[in-house]
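One chain, subunit A, appears in both complexes that follow, with subunit B as partner in the first and subunit C in the second.
Right, the complex of A and B next:
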């Protein structure tokens, strides 16, 4: 456990020193400032627009962190063989993967907290003096919960990114597979709903069966998207959210465990 | 020297381009993705909220720039609203603008009603989409029955103003609609936050509608007995079907149209096209 914590801490410090992270934060701050201007272009429900923008910026920044910070760090370690330096110590491949994941996961969580505070501030400023334009059931609690589930979806995507990096032969392939996975995870529920609602195919067609099978393999990231719920203060089912949390955590753990198994069998030379 | 030359060229060309493009307003093009609304969610992914905001901003800029919009361009505007509804059916600004621009601007009340209905289904806490639907049915289409039905459904929304069921009951000229209106209004009397004037209004309306029901029932009995409807309400007294005409709480006699057999407690005139 100490070794995992040490690798996680080193990874975390490595990321903090990486200038790309500051670029991402700076981009986030600019977008939050833009949020205040863009919200002013709307006449009604300024709160909803501000919340939408704020949460979307956090989501977008999280994706940038995964694709431009986390994936290169992990990919370079393997491609440039710097992983040998770590594995030459009394550290197993499992310690390495779990430690790396925890370190990069911590970066995502801390950036979500920082960007979440910026988002809350931009929402507050945007709707200052516009009390009648805030959806009646909006609450900061729901806003915070939405950021938590957003972060959880990013951690799930990170675990998938780890899986692809450890299974593919080239870093670029891993990036493409992660992007593809992201799109599939966010759209498979929509595709199924479109097929069923427009009755293009019947509910027992092969396409629906394939989609149902895919939902058992890839996570349904749409379920973790609570932006609309937060923006309008829509009612939520606490039991559903609890199951979602369990699903998210267990998916990440299973994915990392599979990654560890594959990485242990992988020849790095 | 080379740098100065290119810098001067940049400044001059930028000035020319800015002057050339100065006359362009948001009207010159409404650039929307020409995809069915259902497919928009696939394109937007998790960013459906801001994509909806962006499309609505484009549509608003286009319709708000003041130039005349052709029928083909109105179709694009309606597509834009459909796309926004598909991405975010909860957004208030969408239905408010749809009502203002599609019903009034484009003179397409049926399209406006369709968009308002999408909002109504999602915004369960908001009475206004239903109110605007009812208004469009009454004002633009002259469809009193649909207006009454929508107003009565909308009156079930929490904190709905008393005006809406009163309007619904006003348009309820068919027997089954009057009975439904009475039930809704009686249910409204149980709301705890009603003030005295609202209670009085509702009670008056219930009394008026009950009077309409009595008269409609009497007209039906007259027709069954004599084979044709009466020429006036006084004939109901002469035939002994009623001992007296019910009193109208609005201090005017009930009106009866012998051609359409409609009985009214007020003198609202049809305004629909």
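Right, the complex of A and C next:
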């Protein structure tokens, strides 16, 4: 456990000093300013747009951090042989993967907290400006909750990225595969809805069931998107949210376990 | 007692058409307390052998033992200090942070570690740069830091892949000095090098590898009168004879 903590610690420290991270934060800030200005153009439903935009910005920045920071860091480790530094010590490959995941996961969480605060601020400012319409059931609790779920979905994507980096021989392939998974994840739900709306198939036909299963196996990242719920202040279903939490956590755990298994077989030449 | 033992080790890289055998049936033993030089032209398979020894890659055949432990089965890495061919670090960390990490993960106590780190960095003339980020280091400084990391937990066996590469004469002298001190303290050092004068100065025994084949191993004075007047001649002779034998 100590070893995992040490590995997580150096990963985190190395990443937090990376200039690219500040670039991403800076971009987030610019987008938030844009958020305030743009929402100023809507005369009504201003709060809703601000919330929706704020959450999108956090999610977008998170994706950039995963693709342009975490993936290259992990890929470099394996390609430039920085792993030798760690694996020539008395640690197992499992320690390495888990430590690395925790270090980078922490970066994502911190970025969500930081950008979440900025988002909250931008929502406050844009709502304050006009004394406008605020959705009747809007609550900061719901806002925070949706940021948490968004972060969880980013952590799932990170575990998938780990999986692809450790299975593919080149880190660019891993980037492509991760992007592909991400896109498929996000469009499965749409595909299903389109098929359902055409009424060619009933909702309990076999193919719909297969699509459903695939959606959850690929991780169903859309399920973690509570933007609309937060923006419209819709009522939340506690039970389904708890299930979602369990699903998200176990998905990442299983994914990291598989990564460890594959990484143990892999030669680092 | 043997510190490192290779038994009939073979290694192939790649698959299908690109398959390439880079180690043929290597058997070698290195005794405890010995400084062992591992020589061979570029691409001979020295680094491959060292990676096999650290279990980064697995042999097709044969087995490797470090002390009583079998590589790939038992835990033996706490006995080992390793310097990679091109040491790569997390560039945004400082030297003292990476030293702290390495010592701590190898099981050193806090106070022991602090002293050790200071001594070693001073010894390798890195103490003035210990709070710099490693990204700002020159190649030679990185090389010396790599050696510092191999030394930090005071292991019994040192595996150094070209410890002198990229160093100025002063740095080479420093490292030779460190290896001589390790030799005096009865540690085992297994290192590959292209700088034969250093090898001559340091080693008890050497092994010569060419294209994955083990050509010679033994004491330096066994090789000298027989193959050439100095180590450089002897080395050339052995390699050329082998190459000619293959072509002719």
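Criterion: the second predicted complex is superposed on the first by the 250 of 269 C-alpha atoms of A that agree within 3 Å, B and C clash if a C-alpha of one lies under 4 Å from a C-alpha of the other, contacts with A are read in each partner's own complex, and residues count from 1 in each chain.
By our rule, a residue touches a chain if its C-beta (ideal position, glycine included) is under 8 Å from a C-beta of that chain, and two chains touch if they have at least 3 such contacts.
Given the structure is predicted, the values throughout are model-derived calculations rather than measurements.
Peer 1: Is A:183 in contact with subunit B, with subunit C, with both, or with neither (first, second, both, neither)?
Peer 2: First partner only.
Peer 1: Given the touch rule stated above, what does A:89 touch, subunit B (first), subunit C (second), both, or neither?
Peer 2: The second partner, subunit C, only.
Peer 1: Which holds for A:80: it touches subunit B only (first), subunit C only (second), both, or neither?
Peer 2: Only subunit C is touched by A:80; subunit B is not.
Peer 1: Applying the document's definition of touch, where does A:10 land relative to subunit B and subunit C: first, second, both, or neither?
Peer 2: A:10: touches subunit C, not subunit B.
Peer 1: Tell me the contact category for A:227 with respect to subunit B and subunit C: first, second, both or neither.
Peer 2: first
Peer 1: Which of the residues in subunit A come into contact with subunit B in the complex?
Peer 2: Of all residues in subunit A, those touching subunit B are 38, 41-45, 48-49, 52-53, 55-56, 59-60, 136-137, 183, 186-187, 190-191, 194, 197-198, 221-222, 225, 227-228, 231-232, 234.
Peer 1: In the complex formed with subunit A, which residues of subunit C make contact?
Peer 2: Those in contact with subunit A are residues 13, 48, 51, 54, 56-58, 75, 77-78, 80, 82, 84, 86-93, 97-98, 101-102, 104-107, 133, 149.
Peer 1: Within their complex, state which residues of subunit B touch subunit A.
Peer 2: Per the touch definition, subunit B meets subunit A at residues 38-39, 41-42, 45-50, 53, 56-57, 88, 90-93, 96, 125.
Peer 1: Within their complex, state which residues of subunit A touch subunit C.
Peer 2: Residues 3, 6-7, 9-11, 13-15, 17-18, 80-82, 84-91, 267-269.
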